[in-house]
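Take a look at the structure below.
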């Protein structure tokens, strides 16, 4: 395991994610680290953020002074208004998502597999509870909640995962096969973590960028599948 | 035609044991029909099916989410019903949230640990919205890609269209829908505010009876006809918060 | 056949239809005679008219001076605005209709059967054209057009037909079995014509009211199924 | 992001032979995207599938409907395409209207009588709207009661839910949607006017490319965010009429 000091913080992960935002893109940011990325759009690019609770085209994360209970994102964070914004209900929000109108979905994850399978709504597997959701919830351990992730994972044109590279106890979250409940199969195309940027390709996982101070070996040590090192491997660019 | 009722209790007077209740909002303070939920928690009805995105996360979760923002005193959610043992089934996309670490267990966890017998059905958020819309629209069932390849396939019809798998999902029929809007008139026309429109406008008309709490009751004609989000035909009762 | 002089005109049929409008009802008026009925709501009743092209709560048929191309009903007639009115798109308009939110639908008809089957979108039957819609349209004879009638007939809580009692050549339009293409089965509960008001009941068609100057025999003469004469048969009340 | 294009011809430049085109409006003058239809009739594209409620009734029908009202000179509908022989298939709820008696045959009748080879598919109005909404929403198919017991059952799956028959209907996929709105901004946000919202707002987002003609182009931020009917994500190009 790499030392925490060489890991990027959540804001830095979000900054790296934001480099994927192209001019004119419609982007949905999921709960957790992803929602932070709206603050880091590159100068000169116009990116339209959709939030599944019914807003299109919001601005930044709001300050305490700007905060309004009727203007928040998928992480329950208040956001600011921007010109051109519109509001709609959940049915319409998910037409946009399910209907393939969102260019990019950034989601958190508990596990991502070599094939791009995503597990991001529960830590664990229903099989461990004999398929009984209630028994699982009753344990109080990482109670499952699907949210909008299943819709986003199948509906968005492109899915990026933004997450901490390992679990709290240091186990890999980039795995050969997901052992946690699946959100959707073969949907992830890029993984941005606090240690690396990894591309999901038909040939396998390609390590494209590493955090400052880390080597490919550091990443491989906490990654289950074998990584292909990109010819143009570089330090994470922000 | 006057759909304005004097109070939340009167608006909910015919809620019966075993009723299926759609609850508006996203899960955060903004869109939650707190006045109606509080009144429902004071009625002697039980074995309710509570349906919503995240209708019962509880006050502590809101305070954690709110960080430095002050959660209004008026706030209440479906956790009151859980505490009272009024819930027989919870249908939600987020019954509890793994990303928040609270001191106490989430209300649904606590209720189960206290020995309450509560069914829980997890529904993806978009499918939940689409099932409500289907109920409003008289569409008994539809197909969606959401959930394919997951545990949701179990017990569901999987069918291919154009070489792609889809799941059959059914309209979510309910007895009551309780929602929060910003302004309403005596015909039941409603407008919302910002992202608090959320599941509220989706639920309007989806249940047999829709009850809306509003910040303000306005005169007929005061709402811009081009900006009315929920036409009055979908609303049976309007009560001022 | 009864003489035309004893037949009620379209406005009078519409007046009679309007007596069915109860306070607080949501009513959709179909193209033709039905749309005229919005002008005859009884004093003291509040009736909300829905028009399938996306309006709820309009007022009357507009005068030429009031007419606006962006405010019209299902018959392409301009209507007036009334307080509480709202606009929406076709998808939402038909949620209201298909979803059972409309209390009363008033439709025109080409034929109504003894069982309440409705035929109101074509004069003729596809079988006559070997099932070929194009061949039928090519004849130019009564080209078919479904419009919103099929949705209204199955979706509204109650369906009333408003029509001229006979065809142009005097043949019955109230028939034992529809020979024209069906709109929906067993959906009509009341038939209001220029000659009579007839209720569709499980026991058969009940003649409830006759136009001034007409006898039950006059009605029966141009009606195919045998009519049951109501005990309280009366002259059409307006 | 600037979706405003200088003219209707530019907005339609990539329309190709055989394209499926959803056409907004109800059939009357108000909501018809006349500018786009006129421009389309001037392009060398053919074998189009024209889809709409009553997209090609022609000017004479409008004049009959309008009675004493003056049909605007700018008015045009899909009958222009029929006259030009550009239509290979017409999908409509009302291809012609039995209730109007015109001196000339309706345009579709005339085109067929002149020997054009045109397919016609009749679709009930609500089903047409729902099939467009399904296309926008990523729903491949759904069930509806509309059309049960009629000739529409032929060739369709009939399935019972709760003892009632329903028909399976499919999303209506299209290449282009041409619509008419009142105001639009450079993000493609749209508002409509009165009953001209009709099929226009239903079509927005339902086709691969949505093109809107508007009475007025306004600055970003000029439209009330609570009153925007079509969010810009559903619109690719905006052209001033």
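Order of writing sets the chain letters: A, B, C and D. Residues in each chain are counted from 1.
The working rule: a contact is a pair of C-beta atoms (placed from the backbone, for glycine too) under 8 Å apart; a residue touches a chain by one contact, two chains touch by 3 or more.
On a predicted model such as this, the values are computed, not experimentally measured, just so you know.
Undergrad: Counting only C-alpha atoms to place each centre, which chain is farthest from chain B?
TA: C
Undergrad: Does B-C or C-D have more contacting C-beta pairs?
TA: Answer by contact count: C-D.
Undergrad: Quick check: how many Å separate the C-alpha centres of chain A and chain D?
TA: Measuring from centre to centre gives 38 Å for this pair.
Undergrad: Measuring from the mean C-alpha position of chain A to the mean C-alpha position of chain B, what distance in angstrom results?
TA: Computed value for the inter-centroid distance: 27 Å.
Undergrad: Specify, in ascending order, the residues of chain C that touch 2 or more different other chains.
TA: As it turns out, chain C has residues touching two or more other chains at 87-88, 94, 98, 155.
Undergrad: Quick check: what residues of chain B touch more than one other chain, meaning two or more?
TA: 130, 133, 137-139, 144-145, 192-194, 226, 229
Undergrad: What are all the chain pairs that meet the touch criterion?
TA: A-B, A-D, B-C, B-D, C-D
Undergrad: So in the complex, which bits of chain C are touching chain D?
TA: 31-32, 51-55, 64, 67-72, 75-78, 87-91, 93-94, 97-98, 108, 122-123, 126, 131, 133-134, 137-138, 140, 142-151, 154-155, 181-185
Undergrad: Any idea which chain D residues touch chain A in the complex?
TA: 1, 133, 135-139, 185-187, 189, 205, 219-221, 223, 225-226, 228, 231-234
Undergrad: Note which residues of chain D are touching chain C in the complex, please.
TA: Chain D residues touching chain C: 26-31, 53-54, 65-66, 68-69, 72, 92-99, 105-106, 108-109, 112-113, 118-130, 132-133, 144-152, 154, 192-202, 229.
Undergrad: Would you mind writing out the residues of chain B in touch with chain D in their complex?
TA: 130, 134, 137-145, 161-162, 164, 166, 170, 191-194, 224, 226-227, 229
Undergrad: Could you please specify the touching residues of chain A with respect to chain D in the complex?
TA: Chain A reaches chain D through residues 23-24, 26, 46, 48, 50, 56-57, 81, 83-88, 92, 94-96, 98-102, 155.
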